[in-house]
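The structure under discussion appears below in the form of structure tokens.
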Amino acid sequence: MEQKLRSEARALLEEGKVDWIIGFEPGSLKFTTTPLITKDKNDTERLVINPFITNNLANFLTEIKGRVGIVAKGCESRSIVSLIQDNKVARENLVIFGVPCPGIIDLSKLERLAAKNRDELDEITREKDRVIIKADGKTSEFPVSQALFDHCLACELPTPKEYDILLGEPTPPIANPTAQESIKKLKQLVPEERWAFWAKELSRCVRCYACRNVCPACFCQRCFVEETEPQWVLPAPRWQDNLIFQIIRNIHVAGRCTDCGECERVCPVKIPLRSLTREMYDIVGELFQFKSGMDKDADPLLTHYEEQEAEDFFR
Amino acid sequence: MTTNISPSKFLAQDNVYLPHIAVIEKIIEETPNVRTFHFNFKDKTLQKDFTFESGQFGEYSVFGVGEAPFCISSSPTRRDHLEFAVQRVGRVTNALHRLGVGAEIGFRGPFGNSFPLDFLKGKNLVFVGGGIGLAPLRSLIWNVIDNRNKYKDIVIIYGARTPADLCFKYDLDAWGKDKTIKFTTTVDRGDESWKGKVGVVPKILEEAAPSARDTVAIVCGPPIMIRFTFPVLTKLGFTPEQMLTTLEKRMKCGIGKCGRCNIGNVFVCRDGPVFSYAQIKSFVSSEY
Amino acid sequence: MAKKINKRDIIKLLNQWSKDFAIFAPSRESGVAAMAKWDGKDTEFLDWYRNTVVAPKANFLPNMEEMFKFQKDKEGYRIELPPDGEKQLIFGIRPCDARAMKIIDNNFKGLYQDPYYLNKRNSAVLVGLGCVNPGESCFCTSLDISPAESDDVDLMLTDIGNELLVEPISAAGKKLIAKTTGLKAATKNDEAKAKEVKKTAYNKVTRKINAEGIVERLTACFDDQEFWEKVAAKCISCGICTLLCPTCYCFDINDEIFRQQGTRFRSLDSCAFPVYTKMPMENPRAEKWKRVRQKVCHKYSFFPMSFKDIACTGCGRCVRLCPVNWDITQVINSVPAKEAKKRVKEGGRG
């Protein structure tokens, strides 16, 4: 699969069919990958596909100009479709390498299962429905459902629908209900408890904006937090303003968020942001029977006007 | 050639971040977008003791809105009040424009270095200003005029985009009438009543062709004007050491601690804002 | 003369010191390690192998800090300084983070003294804890820092098994030890063991960064737009590397009015953000590659030009927390030697 990707990507650059290749290459730490963004055909030798390809590469499409050959897991392909719906990217400028994705390994979960830090692990391999860890000469195994990201367990489209070349056999959704555990727990709290929960979590926020910058749906040239006239949100990390930032960001991406989970993964202080984004995603599904990024010819949900629209919420 | 940078002697409660309270005494509408504020400190002892040099700036606060840096546009030789000029472009500047006479603002300073008077003494001076860039220059110009016999010939070339954008018109009148100054105003575009020169400042400078011998040129204005003025001065024979300017960057603390206004390892607020073209060319960072 | 203490007795030690200081120790609330007010009983952090996620700089340069309050009455504005804080004892600070405080001190002293930072810093006591098992992202040794030794703390603790060796480093440390009870004298064996531990820890740091002549190298390639665009390609311009870096100190100043009372506060800012240098008419770092260049050059070129120290201590936070695994060690290692005519092949693994 990797070989096919490398030779196809190289060919695209050599034949001048694309200007850029965006994919994954091995990272500088064990069990990591890093985005590879290149115009150089020799760099395509480093492209990889493995259980650690975490990033949502569609994020780079709003920045890179020109024709792009892009590696896309299910979540990326949905983000790409969403960007096409928003007119930010033209389909004819893309060559999509679809990668059917059996789920990405969450190192934080593995650290808890193995009761070891990731630096102490020697090897992590995945075999079908098991994850095998080697550390200190000992081997341990865990069912894959315990080791994957929550958003992978809940993923509705692991195999891209929109692609030019499909690398590998289609794979079905895992649809493991444990993915929604944390959100269910939150919903059982009464409002005062929820308020206290978020006040505590958001007190750690340092306003790095990684959640926003890593999101393909956040592509505004000037974000509302950067406005000074009027100053919507305090530029400093007071928890109340951090909360407002999250709420407004969720509203801004509603209908375009594909629950790729990147926001929660990148947060350096481990705020459970996906609880907010997934909840918004579910609300959008309930209210509008709409799932983002599924059909590139569909109209975007909230930025599209139709004369005949539901008006039952007017009272 | 750099002037010595010594810290401000006027710190409130020994804390460089604390502003002194100042009261606005007069407001002049220079253009629809530019206002000059005359102010004095509430503390009468500070009002008496306060000193600064031409080229230095202060950090002015609108309490509750924020703080912004502006040069002190009045001359240290005329100390019955202090002045600064503000162009309305954002949050703090708009808030300043909404203030009336009697309003209280904060002031921290004076910060930065100043025009090197020892270097300018005994020389001919060519002042080239554009738009609100005249604000730091006018502090120096009045300083020089008040010590007229220390300097030789004075040439002032000042321009703006249109006649309505000319700032400090009362200064322009005075300098036009001063027989010891060769003074020219110009606009990029005239209007029906404009009878003066028409042409961008660098072009008018080239026509005026002041001699470079024993002369220092001091240039202040929008970046694009400065970028076209330096080559003209070079053509007229000025060396980079003979060209001075003030640089502008987004600033917050004003004292070289918040990191923002750096050009390489130089901080505009602490090592500037006055720089010679020779210094600018030697910056390790070309992003000035 | 070195002392030692059993790990079990750390609680008693901290309780003793808590009479004079506010004790801060690493704690892992919600899975995020930070220096927090010690809760009186937790000593789990003694077995951690790595520095905290949130750097101890937050104890001296908080994320958000009140500078003063202002209020308007009929006489006009009145300004009020915040009350003095308590004296801090930072327990378990790693050598990289302790060195970072020395490095940051340069910025807050100088022509003007920054009272908010210096009041906290000058009254604080740092008790260092050596790293026994440096992590994969650590590269302190390339920057003249030892993972288990430090001149930048007041007391240095080394893990020698069930006990910790306690060495006074500074005059303040010696004074503190003199007043402290419950410490035993260390034997020659203990000191030899500690020496072993320190050496082993030093050799375990395998990540290396080539910082030789880096100021000249960066100056030489400053204008190489192609190089910097490649370096910056995958950066997403968030602030993680700078906000969590122990040697980053850039801050923003803002005002706020709430219910008739105003506050001016400062908060950490980042040169990675596009609006950091934005002016009404222009933005000198609107392009991402310029901002990435600024970050690298500030730490490895501009800061050492002014203060001799490189503004990096190899703590590894930026490497392991970056959302796209942008790695400063790879970037610095790929900056060519000044005399090199051809560029060194990029992408070399650090």
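Going by the order they are written in, the chains are A, B and C; count residues from 1 in each one.
Operating definition for what follows: a residue touches a chain if its C-beta (ideal position, glycine included) is under 8 Å from a C-beta of that chain, and two chains touch if they have at least 3 such contacts.
Given the structure is predicted, the values throughout are model-derived calculations rather than measurements.
A summary of chain positions shows that the Cα centroid lying nearest the centre of all protein Cα atoms is that of chain C. Of all the chains, the one whose CA centre sits at the greatest distance from that of subunit B is A. Of the two chain pairs examined here, B-C and A-B, it is B-C that is joined by more C-beta pairs in contact. Between the Cα centres of subunit A and subunit C there is a gap of 30 Å. Annotation: 39 Å between the Cα-based centres of subunit B and subunit C. Rounded to whole angstrom units, the spacing between the C-alpha centres of subunit A and subunit B is 50. Multi-chain contact residues of subunit C (touching two or more other chains) are listed as 252, 254, 256.
The set of subunit B residues touching two or more other chains comprises 90. The part of subunit C that touches subunit A in the complex is made up of residues 30-32, 34, 49-50, 53-54, 63-64, 133, 135-137, 233-234, 236-240, 243-244, 252, 254, 256, 265, 267-268, 270, 273-275, 288, 319-321, 323-327, 329-330, 347, 349-350. Residues 27-30, 32-38, 43, 46, 55, 59-60, 63, 108, 117-120, 200-201, 204, 206-210, 212-214, 222, 226, 234-238, 262, 265-266, 268-270 of subunit A are the ones that touch subunit C when the two sit in their complex. Across the complex, subunit B is touched by residues 67-68, 70, 72, 76-77, 79, 81, 107-108, 110-116, 219, 222-223, 249-257, 262, 264, 266, 269, 271, 276-282, 284-285, 290, 297-298, 301-303, 305-306 of subunit C. Considering their complex, residues 228-229, 231 of subunit A touch subunit B. Listed in rising order, the residues of subunit B touching subunit A in the complex are 90-91, 94.
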